[in-house]
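Structure record follows, encoded as structure tokens.
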Amino acid sequence: MELLINVVLLGLLGITAIAILTTRHLFVATMLAGGYSLTSAALLVNLDAVDVAFTEAAVGAGISTVLMLGTLTLTRRREKVKKDFRWSPFLVVLATGALLVYGTVDMPAFGDPNAPALQHIVPEYIAGTRDDIQIPNIVTAVLASYRGYDTLGETAVIFTAGVGVLLLLGRRREEDEEAGTRRPERDA
Amino acid sequence: MLELFLAKYNYWIVILLMMTGLYIVVARGNLVKKIIGLNVFQTSVFILYISMGKVAGGTAPILTGRDEIFSNPIPHVLILTAIVVGIATTALGLAFVVRIREAYDSIEDDEIDDAEKQDMARDLEGRLP
Amino acid sequence: MRHHLVLRVVSKILIPFIILYGLYVQFHGDFSPGGGFQAGVIVAAAIILYALIFGIERARQVFKPEVLLVFAPLGVMIFALVGYAALALGGNYLDYDWLVANDTAGQHIGIITVEFGVGLTVAAVMTLIFLAYAGRTRDIDDEDW
Amino acid sequence: MNPSFLLAVTLLLPLLGAVFMALTGGRPNVREAVTLVTAGLLAAAVYALLQDVLAGGQPTATLVEVAPGLPLVLQVEPLGMLFACVASGLWIINSLYSIGYMRGNGEQNQTRFYICFAIAISSSMGIAFAGNMFTLFIFYETLTLSTYPLVAHKGTDEAKRGARVYLGLLMGTSIGFQMVAIIWTWIAAGTLDFTVGGILRDKIDPTLLPILLALYMFGIGKAALMPFHRWLPSAMVAPTPVSALLHAVAVVKAGVFTVLKVIVYIFGIDLLADTGASQWLIGVAAFTMLAASLVAMTKDNLKARLAYSTISQLSYIVLGAALATSFGILGGALHIATHALGKITLFMCAGAIYVATHKTEISQMDGLGRKMPFTYAAFLVGSLSIIGLPPLAGVWSKWYLAMGAVETGMWIVVAVYMISSLLNVAYLIPVVARGFFRPSPDLVPQSVGAAAAPAKDGVQEAPLLCVLPPCLTAAGCVVLFFYADEVIALLRPIVQ
Amino acid sequence: MTGATLSGIVPHLPALQVVVPLLAAPVCFLLRRGVICWGFATLVSWAAFATSLVLLQVVLADGTIRYEMGGWAAPWGIEYVIDATNAIVLVIVSGIGSAVMPYARRSVMAEIPANQHGLYYTAYLLCLAGLLGVTITGDAFNVFVFLEITSLSSYILVSAGAGMDRRALTAAYNYLVLGTVGATFFVIGVGLLYMVTGTLNIIDLSERVPALQHNRTVHVAFAFIVVGMGLKLALFPLHTWLPNAYTYAPSTGTAFLAATSTKVSVYVLLRFLFVVFAPSYGFMALTLDYVLLPLALIGMVAATVAAIYQYNIKRLLAYSSVAQIGYMVLGIAYGSVEGLTAAILHLFNHALMKGALFLALGCIMLRVGDVTMRGVQGLGRQMPWTMAAFVTGGLSLIGVPLTVGFISKWYLITAALDDGRWPIAAVILASSLLAIIYVWKIVEAAYLKEPPEGRVVREAPLSMLVPTWVLVLANIGFGINAEFTVGVARTAAMGLLGGAP
């Protein structure tokens, strides 16, 4: 059953991705991207990553869709159709994919309970969460305590994005246009 | 053969998804579309990470007191961080797009290139012999 | 969307619940899925919904940008300061064990505080980003969608 | 005074002078007084060092260790002492001349000129007293850089082009070949110290020696070995005092000096003689010698002719070094001094002619000798010294060089020296001959320059400060003829 | 502060090195007012510089420092590991930061609208914290997190130039797209490594990866990390984002980023290549020889040639940066102690050169408002100190003796000849010779051309000249006495090749 859901959701993701690639309507693409996130959230639940799924749904399908729509109202709706097909991007992507597929050969099988990643560190995390930290959600324990420093960094990343958006869009457009004509001081 | 497929199909499809996302980024000229591509690319990487943590028959890593097999929580933690980084990048990228549209009146890279070529020509105009 | 009476009424009822849910996610993150980041996003979503339905200007009055501009850095500072507190109390940076006498209690306090910091920053920054986008244009009208 | 301290002083004095010149730039008289005083002090310092060396001392000073195993070391040895004497002595004369020339010609940016000149002299001192190849290389490069603004002095397009070639070739060869050679040596020998007898014996495969030697020889672009000689004619766009600096005081002399240093102290003449690694260099030098002489004959521009003459004369020294015999080395070293005196005389005369008449082409100079008798007399003495006639200094260096060739039994080299001397006669004597024996084409000389005399028949020399220096150096050629033995005695130790 | 508290702080300096600027960023955000923010950011930079100097001293005296974040022992928690290699990079980053900041006040006032100053300094502090965090950490995923702080704040710093030229926006956008692709590649690589080893700690990885040297997943991880970092450090031909980003960013942003950000990426590449993957194994060694080496060589020559044709001097220097990165990668690709010494040495030296050059350009931007060949015409006389600084930096770039550039070239060529790689030495030399052309173009314009008529320019203010000259003098100082830098670089190189630090 789990396997079946998995396959179906992955198929759905594939179709959505192709649709995003081919559509020239940016509004549609945005909506599809939101759908892509939502579908992947479902898949993530199926893969036992409930926290991640929660976040992906809220961020991918929520905030980032809103931001994209906001951008579209400020820009334009349609993507220009360009006829020329260039080989170089295609080949680059193909090479990347081929490399990754090559890498899968020696990967542990999907769902393998004896994967090396599970043998090291994880058992200590589970035991530590139970005995030392004593909270049920292992992900929270790792996120906020064992790897809490990463999370501090992550918060700083969000803050950085805020700083950037404020710097770029923090003022009315007219102010920016006025500022754009400024020349450096010649004498001060 | 089937066994190999079952062991790896998740990764292979995810790789295809990643390729699609990356292709949108490198091949499409629309600035918003590129950001969407970036999102698809990154989301697919997230799935790749989470897939590697999945344990067949495991459950979400939340202690319930019973003796259970948990899926690997570390990729979950990493990806939570990565999602945040992703949305931060998206927000900033889209802010650039808004400003570019205001400055160039376009969000297509070829049109912007043309405009920049004119800027460049203007830079050179005052060039002394 | 100012015309849609139904939407306005429903939202008015719904938004407090969304925020409440956000708070639940915030402080229940130790036990169930969720945590500061998800909570922050949910709260921000509620505010964005409010702004979409009641207009940006009104949203600006309720959720004052000046306050958000304080909250955004404040969250990061709370997180960082927990680390400094551990330092001051004799431990390594971010070592929650040192916050109080009992290690486990220290961990709990540490985790809850830093998650709160994360939530604060995320909610404030997300709202600020949205308001900044919205500030670039007239109010978003129905036709714009 | 402590010799090590004196050694550092020789480097710092010109720099200090440069600083004072910058400070007094607004007042030409003070600036030029500073130049002369600095030059005098430097000569005195070098003289004091000379006394120490003659007494058998070997002053050393380690400045700083740039990187592990790469110290900046100064050390006085006879060869460097000779070069330092030449450079510091001629700086005084050249300064006097510069004052006359620059004022007489009303040149721009004179302060920059004097400052760069002083820095160039400081670099030359560094080259002269370098205790290892690394130190030498560093000062070699600073010399190139400090002389670039001098070559480009006029700021015209022609000057810029000339200066670009100058900088490009000198930097190009030094970075492209010389630095590689030095690093190779460092890797092979583990040291770069100048050591009597060389440092490379048994350190490097003998079949590779010619390659390393080639990297050095072509890397020392300042020695103007063909095909890297182009910079010298290009640099003649510079004002004449600069040409004198390039051709006599510092630059090309630094080049051949480096050649001698490399051959004597890096390779060691015995190693070269044993392996024959320098055989090819004899051919290249001989070719350069003859070819440059032939080109010189075709040049009508006096400075260009002198430039090619220099290229040819430099190859005398390189050839002498390539012979890898003690006579060859001694002759080469001596030739540094004798050629410097001769060539600076010729250049200063050319400059005096330019200041007085603004003529640059030999064909325009008919009959000028009668109007400028002192200048032409000095020119004649300089020419004869370069040709190698007694009682002038040039004869000794050519004698030793020829002896070196005889010693190796290479009669053909002896022949090349002879032919080349004949060619010298062919391109230098006509200049004098036309000046004295041809009638002047225009009775009214162009009076350009502040001190040009009114248009009358009779003596119309350039300003005193332009004429006196070449006469002094011409006299020097005679004096050196009688004191050559002492120079040889000074140099003896390097070939033992 | 009493001695006791002071000595109590020293063990925590590794954490403070990063979290002080990190906490300073939100504080700076709250301070809002441009001048106050500037003063605050300057103090923080200096504190970070002082910290890094102490750390370097401790590392050189006592060897590697390890610091457990959150008190969790590695590999369970995130740890900071400081050895000679990253200690010197920390000094570079914070040192350049503290030189740029005093300079920034006037330059930022002139180039950025007043109400953005506070945000600009906040972004700067975040960038500083990010760079330091990437350098100091011993955890592969933590590298990614701080790399993203760095990247996002770099995009912001670049886009702050939009008030001067709209092209800053597209430059920042392209930087963002390529930077994100690079970071994602890096994450994929780290994920694959985690998949087969189960750890993210770099030292732990270095113990587990050698056993898996024939594992194809490890090979792919290697490839992805190299390509991802290649994008971030602008390895030819992945450098396309760099010229525009450096050209249109504000002067202070360019100076800071050019001198530090690519250096940190080079460091990360070094750390992964030599500590995690140990390129003595077949696949890795082949990559060094047949991928990195040729790319470095082509990049050195191609970017130098491109620089020669530039009219805008900022852009010219940006291309020169791509070439100089080629030198560093070349040193890495040798894979020998000599090569790594040269690479690390050049890392340090190039930061000094480009810092000085871009700061000098910033002075020109302030006074002339034009950093093209036209703008510098006749400046030799009008802004003598600025141009003298620029020329000295240029000489260093060429590699003239007594400057740090020479030391770098010397060691690079020594490393090449040591392995008997003659053609490579020839390419290095050719590229240096080409550098003479583009530096000399500027020198001739500044000294041998007359300024455009009617232009009256004063010398730059002291607050900008002093930092510029501090870096210029450092160029000369470390060029005359390179014993210290060479010593550190050699220690670092041996540490990297000796396996785990």
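All chains are identified by letter, namely A, B, C, D and E, in their written order; residue positions are counted from 1 within each chain.
To be clear about the criterion, contacts are C-beta pairs under 8 Å (C-beta built on N, C-alpha and C of every residue); 3 or more make two chains touch, one makes a residue touch a chain.
Every value quoted in this text rests on a predicted model; they were computed, and no experiment measured them.
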| item | value |
| --- | --- |
| Chain labels contacting subunit D and also subunit E | none |
| Intersection of the contact lists for subunit B and subunit C | A, E |
| Chain occupying the middle, per Cα centroid | E |
| Among all chain pairs, the one with the most C-beta contacts | A-B |
| Centroid spacing, where centroids are CA-atom means, of subunit A and subunit C in whole angstrom | 20 |
| Between subunit C and subunit D, centroid-to-centroid distance (C-alpha), Å | 79 |
| Interchain centroid distance [CA atoms averaged], subunit A/subunit D, Å | 71 |
| Rounded Å distance between subunit A and subunit B, as computed from the means of their C-alpha atoms | 6 |
| Shared-contact residues (touching 2 or more other chains) in subunit E | 19, 22, 25-26, 29, 69-70, 141, 145, 148, 152, 155-156, 159, 162, 166, 188, 194-195 |
| Overlap residues in subunit A, where contacts from two or more other chains coincide | 50-51, 55, 59, 63, 67, 70-71, 74, 100, 104, 107-108, 115, 117-118, 121-122, 125, 135-137, 139, 143, 145, 147-154, 156-161, 164-166, 168-171, 173, 176, 180 |
| Multi-chain contact residues (two or more partners), subunit C | 31-33, 37, 72-73, 76, 80, 83, 93-94, 96, 122, 129, 132-133, 136 |
| Pairwise chain contacts, counting only pairs that touch as defined | A-B, A-C, A-E, B-C, B-E, C-E, D-E |
| Footprint of subunit A on subunit C - complex, ascending | 29-35, 37-38, 41-42, 44-45, 48, 72-73, 75-76, 79-80, 83, 93-94, 96, 103-104, 107-108, 110-111, 114-115, 117-118, 121-122, 124-126, 128-130, 132-137, 140, 144-145 |
| Residues on subunit E engaged by subunit C in the complex (per definition of touch) | 12, 15-16, 19, 22-23, 25-27, 29-30, 67-71 |
| Subunit B contact footprint on subunit C (complex, rising order) | 31-33, 37, 122, 129, 132-133, 136 |
| Residues on subunit E engaged by subunit A in the complex (per definition of touch) | 19, 22, 25-26, 29, 69-70, 72, 75-78, 106, 109-111, 113, 115-116, 119-120, 122-123, 126, 129-130, 133, 139, 141-142, 145-146, 148-149, 152-153, 155-156, 159-160, 162-164, 166, 188, 192, 194-199, 215-221, 223-224, 365-369, 457-458, 461 |
| Interfacial residue positions of subunit C with respect to subunit E in the complex | 69-70, 72-74, 76-77, 80-81, 83-84, 86-87, 91-98 |
